[in-house]
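Structures given as structure tokens follow.
Next come two complexes, and both contain chain A; in the first it sits with chain B, in the second with chain C.
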Partner chain A sequence: MKNYLQRKLLGMLPLLFLVSAAAFALVRLMPGDAATAYLNAMNAPITEAALHKVQKDLGLDKPVVVQYGIWLKQALSLDFGLSYMTKRPVIDELMLGFYYTAVLTGSAVVWIIVFSLPLGIMAGRRPGSFMDQFIRAMTFLGSSIPSFWLGFLLVEFFSLRLKLLPVQGAGTLKNILLPSITLACSYLAMYTKMLRGGIVEHSGGTYVLYARARGLKRRTILWRHILPNALNPVLTSLGLSLGSMLSGAVIVENVFAWPGMGRVIVRAVAGRDYPVIQGYILVIAAVYIVLNLGVDILCAMLNQRIFTEEET
Partner chain B sequence: MKKRKMKMTAALLAAAALLVSGCGAGQTKTDADVDRQVEASLSAYGQEAANVPEDEQQAANGQEAAGQSEVHAEAGGQEAAQEDVLVLAYPKDLGDMNPHIMASPMYAQDWVYDGLTALVNGEIVPELAESWEISGDGKQYSFHLREGVKFSDGSDLTADLVRKNIQDVIDNKDGYTFLQCLEEIESMDVPDKTTLVMHLAHPCNSLLSDLSFNRPLVIAGEAAFPESGNIYQDGVKKPIGTGMWTVEEYVQDQYTLFARNPYYWGEKPAFSYVRVEVIPEIETVVNALKAGEIDMYIDVNDGLSADVYRELEGLGFSVDMAEGTQVTSLSLNTAGEILGDVSVRQALSWATDNTVISEMVYGGLQKPASSYFADSISLAQTGAGRYNYQPEKAVWLLEEAGWKLEEGRDYRTKNGAELEVDMLYDTVFKNGKTIGLVLQEQYKNVGVKLNICEEDSQIFRKKWKEGDFGMILYSSWGGSYEPFATLAAMRTNGDKFSTVQKGMENKEELDQVMNHALRETDEEKLREDFAYIMDSFFEQAVYIPLTVSSTLAVYNSSLEGLDLEGGKDVMPVGSVKRKQ
Partner chain C sequence: MIHRILEDKICRFCLVFLLIFTCAALFAPWIAPNDPNEIHYTARFAKISWKFPLGADYMGRCILSRLLYGARLSLGSAAGITIASSVSGTILGMISGYLGGRFDRIFMGVCDAVRAFPGMVIVLVFVGILGTGLLSLCLGMMATRWVWYTKVARNLTRAERKKEAVLASVMAGSRMAGILSHLIFPAIRMPILAIATLQFGTALTALAGYSFLGFGAAPPSPEWGMMIQDGRSFISTNPSMLFWPGLCILMVVIAANILGDRIQEISEQVRK
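After this line comes the complex of A and B, so read on.
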């Protein structure tokens, strides 16, 4: 277990290094440059002299490799520099939105767990039954509805007709419900389907047959043998989805005026705010990697063979 | 079976509890986080929890101050004070409220800061300057400040401070080539506490209108200046102004709570607080209006469509509309490969039917424009010719210019090349695509192919400046910027406004006339200059005017008093009150 964790943690370092280099390079490949964007934001005329001055002030006149080295050195101590536009520390800009996006994503994950687990089990236990057909139909519907449309539908029903929940904002507990359900919907459908498939697949396995032969109860076979195996791909996939939920929540955030990372990054991209964009990519990548590590550990705990195979 | 069901129910309940506790924890954190943000934001602004000592408030405003502090205590919680808070929505965050740069929303800078003059109904009127005298040669302006004006922190407005603010902008004048007055002000004297004398190098027609802009020549209090004394470059320390409102609470990307400035020199607003929610999507704004979460929406960004405006009116919301001064037009690249030919430009002008755009795109809420400048700009009403919709003239001109329509083809060709023009617009221009589609159809009728090109703001400006476009779809600045600031930009070599005119036959002479117009004090000669400018624009078909902007407002029917036309502010909510 210790060796397993050590290997996983060490494997993160080169990955983060590669991400940082890619983030740095990609941002500079974007059309338009930071110095021009800066002058535009200041409403200053874009003359050669002005560009030269801004490039010098922002450190953009140095060779790209030197710029990268300076940035990486600072980033190692979580100092991503100052935003070109707001002159505030990048980490402050990011954390402001990150907190709200994390709350939104976390709540969506809770919805996913609460609903996809029982629905997947109900559908998978009796394939072909009415319940299975119904749940499958709902999952098709859930995964086909565009999130922004679902968001507006939910607002129309719960906020405007029933007047139960607020339309927008992030001030109260009620504010989180509609955005998190909207964000969760398509993932919920996907995981219900995935779990159902896993249960159906594993129910026909020989180990299930032997378990029955040993006289184990159906419930015990389901919870102790089938479910841990069926959950493995679901958890792995959920780990991957968490990253995309964090970065893809922007549409839902816009619909509900939720002050998450979406606004920060859209503003940064529009203003070619290099430090903020780089910091954003790196933070999202780090979260993505950490979440996946967490999921790997969880899978390994559910299935001890993973540890054993890794050890050998 | 029963047991299984019970287990399932228990599992669901446990998960629901987890959700609630998760949310609850999140909420506790949210509130704490919001508090932290408010603290951080206010400390970033250097604001204390209450920026005016209560005894000072009472001394200044008697009962009102006490009432205000009472509301203040509850404003964050926004419970009991609901009645005294007007809630609006705006698509963008407040930003840093630097009075000397143009990054924060105009409405907020309007509310917090004042200038020496203001523009009301097209007229320059006194604001912080109660009166002024202009010397006979037009090179000396003496401004007399209002007596007893205080900033929102209780400090006095002095002529010294006015000079300090204007000097900060002059020191950074490279950022404002369109403000002719910054070039002309040679020195400023302060003979006494309430008098400021400006000495100019040449007469400057635009001085009074330049001073009426809601940025950058507005006056911030001493507490706003950083140690360097350079607000423009080093940012504002506190958003302290003499305006009707002051920033009470700010949570980035969520909302700003403006409180009534207890020291405001003008008529006090009816509401004690205005809360502006940041809502980027117009659909969300409409839903928030319907749900009663916001009281009012004033559309200054072309976001509200005519359909929605009329739907809300039908639902019982009060609506209001005022004609604006911004004109949406097409700027044709006079130095472009195809549009460099004046015949093609004239042909496109004859082929454009802006009444269709007015009706189809704006549902009649924006009227067709007749020139690059709005009709309210009297100097620009010179009687210059206009291109009315006559597609047959367009066809004739194109034929004459050698662009032939071969049988079986949709578009004209010349020397094997197709007649196609790129229409470039900024992605933030909401109706760009729709306008493009209407024009595409109209130009196709005369055999011209229009390519609709949407670009993000950075690329849009870059291409415009570098002349990498066929035509630009854009709304003019309007307000105090017209006509002089626009002329100043047009005559500045290298400015994107000048790039459009680069290929005009008389560009050199036109620049001289524009320069002259900026300094000419004799009205008759000034009108002659404008006649030349407007005739040049017409004859060389540089601009195709489309529509004149309008400001729309939709609000809860329990409100009254909104005056979109009579106020100097972009969002004039000072006169708004709840019906008795």
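After this line comes the complex of A and C, so read on.
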């Protein structure tokens, strides 16, 4: 177990290095040089003296490796510099958005659990039944529908036609209903399908046959024996999905004007606000990596089999 | 094995469906009733009519014509991404699985690293460096998508590698390229095809999503995601502007998903 964790942790290091290098390279490789871009963004006149000063201020006259070192040190202390557009610290902008994005993602996870668990069980219990076919059709629809389009359809129907829910904004419980369902939709479909597959697969196992022979009730076998096994891959992917949901939230946030990180990044890309883009990349990547690690640890604790299967 | 796909009713239906969309994209200049970017000020928000079969948008541009021309951009880019990443990913995976040993271990580590990366971050890096546009979007998406094929191709290749036919040709002195293309690829192409089909759907949705956010095609180009973005301001008065492009995306993606799922099932049946 300890060995496994060590290996996982060590495996994260090159990943973190790659992300930081990519984020750093972003500013180095962007069209035009960084000093000019900085002056442009600050709306300052571009003169020889000003360029020189900015190059000195930003440390652009030093070798690239040294620049990377300095930049990394600052980034590690969460200092991503000032936003070109708002002139405020990047980390403040991101953290404000991060809270809302986390709330949105969290609520979506609640929907996923609340819906895909019963749907997956209903479909998997009797494969081929009408219920199974119906849920299967729904999962195809759910996983195929583009989230932004679904969002607009929901707004059109619930907010504009029925006037039940607010069109956009954040704050109350009513506000979060539509965005979180929109975000959850495709994942919900995916997990329903995955759970159904797991239940069907495990139902054919010899241990199920044996449990039947022992005279256990079907219900007991399903809940006590099949479901824990079928849930295993679901849990692993749920961790991975959390990360991709954080970035998938970008679209949903823009549909519903939800004040999360997604709004910040879209504005930053449009305005070529490089410090914000850099900061966003680092924060998302870090969260993603930490989540992955957490899931790995969780799964390792739940399922000792990983260690024996690891070497195949 | 391809004939098994063509014999299957569900697959045939989806293929015909996708073919119709492909033809619509290919023959857009001949089918489209109007110029997709021509502005008819008198026809703003025109209702469905003979001149504008699906109505007109806020600038009086024909929605159907824009959809047809948009199909070229959306479907073409999604297909390009899928083909490029599936070919490169499969070749890399097969080589890695064939060679095995240390190279394989290190390369799989790299793949795991790429897989653990949120695709959005890479897309942002590309968009940041190259500027917004369909090309940088496609490159950014390809940069992470090849890895899904690599893993599968590698594992399947490792299983094939142990078969007698492969061992025999290794001993007979065949070159790696020959073994991979003649013995291993035919055995693993079905699962790869299934992934590629499914990935085509996700590529289309993701592409439209990024364009919707303004990372992709620039206006006035009629990319489907862009059209939805255009229509969002008029959702309360003219929802049809964003309804049609979304429906197109949905239909293509559903067809691709069902087809990919079915191919996967067939390839599993064949395996057994």
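Points to keep in mind about this one:
Going forward, the second predicted complex is superposed on the first by the 246 of 312 C-alpha atoms of A that agree within 3 Å, B and C clash if a C-alpha of one lies under 4 Å from a C-alpha of the other, contacts with A are read in each partner's own complex, and residues count from 1 in each chain.
Everything that follows uses one rule, which is that a contact is a pair of C-beta atoms (placed from the backbone, for glycine too) under 8 Å apart; a residue touches a chain by one contact, two chains touch by 3 or more.
Keep in mind the model is a prediction, meaning the values are calculated, not measured.
Once chain A of one complex is fitted onto chain A of the other, the partner contacts of A:L246 are limited to chain C, with no touch recorded for chain B.
Legend: residue contacts after superposition of the two complexes on their common chain; A:I277 is shown touching chain C, with no touch to chain B. By the touch criterion defined above, A:S147 reaches chain C but does not reach chain B.
By the touch criterion stated above, A:L16 is placed in contact with neither chain B nor chain C. Residue contacts after overlaying the shared chain place A:V110 against chain B, while chain C stays out of touching range. Judged by the touch definition given at the top, the superposed model places A:L160 against both chain B and chain C. Judged by the touch definition given at the top, the superposed model places A:Y288 against chain C, while chain B stays out of reach.
By the document's definition of touching, neither partner reaches A:L298: not chain B, not chain C.
Touch criterion met: A:L29 reaches chain C, while chain B stays clear of it.
Shared interface residues of chain A, touching chain B in one complex and chain C in the other, are 31, 152, 155-156, 160, 254-255, 270, 272.
Within the complex formed with chain A, the chain C residues making contact are 109, 112-113, 116-122, 124-125, 127-132, 201, 205, 208-209, 212-215, 225, 228, 232, 235-236, 239, 242, 245-246, 249-250, 253-254, 257-258, 261.
Contacts from chain A toward chain B in the complex involve residues 31-32, 36-37, 40-47, 50, 85-88, 92, 96-97, 99-100, 103, 106-107, 110-111, 113-114, 117-118, 152, 155-156, 159-160, 163, 166-173, 176, 219, 254-257, 259, 263-264, 270-272. On chain B, the positions that touch chain A within their shared complex are 4, 8, 11-12, 15-16, 18-19, 22-24, 26-27, 29-30, 33-34, 37, 40, 44, 93, 95-96, 101-103, 174-177, 235, 251-255, 277-281, 283-284, 287-288, 290-291, 293, 456-459, 461-462, 465, 492, 494-495.
Here chain A touches chain C in the complex through residues 11, 14-15, 18-19, 22-23, 25-26, 29-31, 140-141, 143-149, 152-153, 155-156, 160, 243-244, 246-248, 250-251, 254-255, 265-266, 269-270, 272, 274, 277, 280-281, 284-285, 288-289, 292, going by the rule given at the top.
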